[in-house]
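Across the two complexes that follow, chain A remains constant while its partner is chain B and subsequently chain C.
On to the complex of A and B.
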């Protein structure tokens, strides 16, 4: 959880790499865990190749984008239960309007949906600011609202999209294939862009400032209310990315998907990725492998011959164990320092 | 809640301006529950205008019957939210408890109910150990517990619980039956009894004070000698038991169990506590408010059903009303 602890006193006395490891230890750890899991998976099944990699990346992409959305909002000190609803809403909206359209039209629709989702979620952030009601309550309301709106947009599962649009997210015109590179490139570009903005720009860093201490940030000249709205807007845009990815993979929209469950998985993913739910701490780079791991545990466990229901149990136990270990590390660190 | 605003802190320019309206405004700020009572009455009247038959014993009885499980689940949420916690596994605990009750139903109601309660105690205590002893974030701990229980009961539903989907007649009466000429549901009696217990626990007992203290300031309460892990362990276990009781009532009302039995009640149970003015950050809230929250949600449910607008509009209205009510409540309480 202390992935981004910046301690000016300690930094002068430690060698550079140790300081780097201390700051980014969690990120490195989660990536190594993902690598180890993929390595283990490749020994479990006879034919491990690009098809498996593609299926992991493609199917994991929505959760990765959704976790990134949640991460941005949580880093800025909020929490958005509505992201799952936004995923479902953008999924069905895309599927409804993209059906039968040529590629350029679908691309235009996708951009419009992302902008609209950002605007709508910015409105949610605005309501939180004005009403002074806790984030979790307002976004509980927005979760229901989005889910209901999704049902109104597309009452029955269906819709469609263009083949090239599916290719962007899946590397295949039919949604299934053995070409993981478009999805990897898309995730890399979008997430690295987000990480750069969060970590290197004034506006991005202000999210960390507001998340770790709202009053201090406000007193040092940051417009805390505006930062909250920005974080929700970006969260909305990333939830829309997750929804579009879902449309591309499934080739259709389904308003009966339970958005609440998706939200809960996004929260589990960011916690596994080292983002503190109290705000101000965490990195979106670590959220990517965390989201993939959460998704990836299912195929691993089924390859190990574990019953899918028991796989769910194992997944829950693993999450708890990881959290206990983190708590233990944190506790020991606090005792030594 | 009983503290009146002191005149010394009054920001008004002179006392003459204190009209009756302002005084009543200040009264509402210190007693925000009356706002909820007002909202509840208005909602009941609106529902009565949409469907005149609603304003009858059987109409209101249905709402009360619907409110009981939400209210009992929300009791668990209220207790935990006071400690800055939450239980996302409570609906799965309820479903699991209902499975146990159905499984033991041929062996008589006592075994069935005890078995169900044991599910709640075990799952709740595990949550409590995770949160209290190992300091796992409550959101994550209970979320993981929910996944674990879902996996276990999905598997067991096909193996050891296979075929046991019918509830004992006693439990069916408890969950869906009524007495006094079909006017008062037994489930509401159970809920009322539990409500008295919870209100007493929160207001009068040392345990209740510890809950508030822990949620208000963990460090301060620990320094003043509260063994936080014991309080949390007890709180999560109690929430588990409430989950189990709600599961028994729900299973009894439906008459059969399946894995989706209580899932839809999870977010309403949080919403009821939140509408009732319990802070998600701990230390603030009462069960009386939560009861009103549960009743409002139940009346709302009837209203949306009578409107016949379809699930889409129902969910959108539901979401908007959660936002609107919590906004109103915060606005009124903030003027204090």
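On to the complex of A and C.
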């Protein structure tokens, strides 16, 4: 009886691939940007080859893992300024205890560190829940706490790890070489696993639900408090992965690394990767190329003959541009619906 | 505790307070298996609070709840679901950034669980991969209902589900409720539309000021008896008098307005939503707009209030062309907007006073403090609207009705020529409604002009002078409001009749 002109529930006339592109366009775009930058870089460097690829992937891996850590927490509606501190803490802890140990022992230590980091960061999430103090305040505290603890664990740069452990993250027993495949495989397995969990399972989707609309999530029977703790635990585990990767690359630990800077880079990476800082939106698959791009800007700019100090200016401009493009896309979307 | 024999739900002596405000003093409620039970009460009576307690949103301060004779501890929504209670809230509890199918997943449901219910509501063709945020509110309510039904609850609680639904959508909801009843399950139904309540429900429990006042079987009861019970005797008489006054007033006002035109729209268009609307609004007139959900009225108000530029057409205020870039421009020209969604108008964490003075910020000359004159205006607005300011430290603590009064009151304090009201009484109790309508009539008598869109058609003859019906972005019908019956308006609102009486 009612003459309905357009049905808001039908899939409409849009072909499936167009909708897929609308939803995943950002992810595709960031990967294409990474590809374009690598292509451009290869024209700048006469001897571009597997060594350069390996160096980008290996050295970029810590930032990729750290960005994934931040992404999980931000998607669930939080933000963790402490991830950089966690990276430094796990880096020095690994270096201190792995020094002189055989491969199997280092592997066991690595697993222990990941579990402990998850547990400690879960505690941070728990404190946020109980105290009702905003995430940004509590995690500012945890950032300094981890950084200080790192200095206590390893006052002077040093320590070590096993050669095979270095190979897992770098494809080389000395931490430097031209074999990018172990790092690529490790990132692919871990990140795809995380993306699958977030996007396909009930517990993973709960993170998006809480980040998107906490009240609605709670009313749907989701325990928002528990979800926050889970997101911080996983964030902690991924920050530990970043710390372990750092140990493998450098072959030692350094508590003087400034964790706060690393945190800010993780935030920059997730913004570039299309994760909404307001929560509920984003994909960890897009965060991988975003982290690599941020890392990669320095070598590109230096190959172009730009003063490395100016690279930061470019990064800053890039982040603002990205935010402007996001705003523009959102504005256009709202105009057309 | 002694639950009455065989009752499905037995609530005794539930109390709840928020700081100094007592939301529930002592609420009792008994729901039998296989009945549709109405929960009635004016706004602020405590219905929503009781529903939230039964849904496990927050715990009660005192009292007990028993389901099937067993005491139930409802500390979180999961407890309530486990006890066999599912709720469809006024704001659908679906996650906007997830698809419908992902939303089902987080509730532990599969498509097949909701499909039978979607079929019954004519929604079987839904694309499960739609983002929930892209679905209009009316459909969201139905999707939320389907999800609640899929949990196969013993008791289904529907909080104002029919508000914002079109007539045929509401019929689908009623069908589902009847079927639920036939299966020996129960529904707790909350609605301000007493006609629906009488047509659908078997029993009613009435709350007033947070206490249980009456229980009755609804067979043979009429609307006036329900209203009496909800409001108390004295208030009803008062309202009846003011309604009589209103009838007289509207009677005398129903003439062609010879006052100047203060707002004129010429062939306004906005994409495919507003398809050439022209109208004239006179000084001192209340112009009613009637339409089904989604016929372009939302977009028309966006254009009129300066929130959105029209694709074409022009808007004249006091004979001068208004080319608003933002609501700021419209407000400066005396055109102000009261939205249906209070959240769009209020600063929820700020005080009532601060909310009332927000529109004044534009003209605060003496910084730091509001001038005495402005403080007076605020006091007058509070007094005029009878706003309950006990919970005044935060506007979000007010009941829905009081919040809506604040959204109107903001403009009273700052002054205006043309008031645009978009369904200002949605989900508001009779008493507050009467106050708001009284106010509109008074404002018009004092020389303001009002455009009022309302989803409650029967109120148009009570409040408005003239009514326009919009269908598919066009005006399809115009007549004196005094003679505009619900039937006429509904028929033309469905686009079934191009030219009416």
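Here, the second predicted complex is superposed on the first by the 324 of 337 C-alpha atoms of A that agree within 3 Å, B and C clash if a C-alpha of one lies under 4 Å from a C-alpha of the other, contacts with A are read in each partner's own complex, and residues count from 1 in each chain.
Here, contacts are C-beta pairs under 8 Å (C-beta built on N, C-alpha and C of every residue); 3 or more make two chains touch, one makes a residue touch a chain.
All values reported here derive from a predicted model rather than from experimental measurement.
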Practice problem: Return first, second, both or neither, reflecting whether A:48 touches chain B, chain C, both chains, or no partner chain. | Solution: neither
Exercise. With the two complexes superposed on chain A, say which partner A:151 touches: chain B (first), chain C (second), both, or neither.
Key: first
Self-check item: First, second, both or neither for A:202, with chain B first and chain C second
Solution: second
Practice problem: Go through the superposed model and pick first if A:213 touches only chain B, second if only chain C, both, or neither. | Solution: second
Practice problem: For A:132, select first, second, both or neither according to whether it touches chain B, chain C, the two together, or no partner. | Solution: first
Practice problem: Using the touch definition from the top, say if A:267 reaches chain B (first), chain C (second), both or neither. | Solution: first
Quiz item: Among the partners chain B and chain C, which is in contact with a greater number of residues of chain A?
Solution: B
Quiz item: Thinking of the overlay built on chain A, is A:315 touched by chain B (first), by chain C (second), by both, or by neither?
Solution: first
Quiz item: Contact residues on chain A for chain C in the complex?
Solution: 1-3, 5, 7-12, 19, 202, 205-206, 208-209, 211-213, 215-223, 280-281, 337
Quiz prompt | Residues of chain C defined as touching chain A within the complex | solution = 55, 57, 76-78, 81, 87, 89, 91-98, 102-103, 105-108, 123, 125-127, 129-130, 134-136, 139, 166, 168, 292, 294, 472, 494-496
Quiz item: How about chain B: which of its residues touch chain A in the complex?
Solution: 88, 130, 134-137, 139-141, 143-148, 150-152, 154-155, 266-267, 270-271, 274, 279-281, 310-323, 326-327, 330-331, 334
Quiz item: Residues of chain A touching chain B in their complex?
Solution: 127, 131-134, 136-138, 140-152, 155, 260, 264, 267-268, 271, 277, 307, 309-317, 319-320, 323-324, 327-328, 331
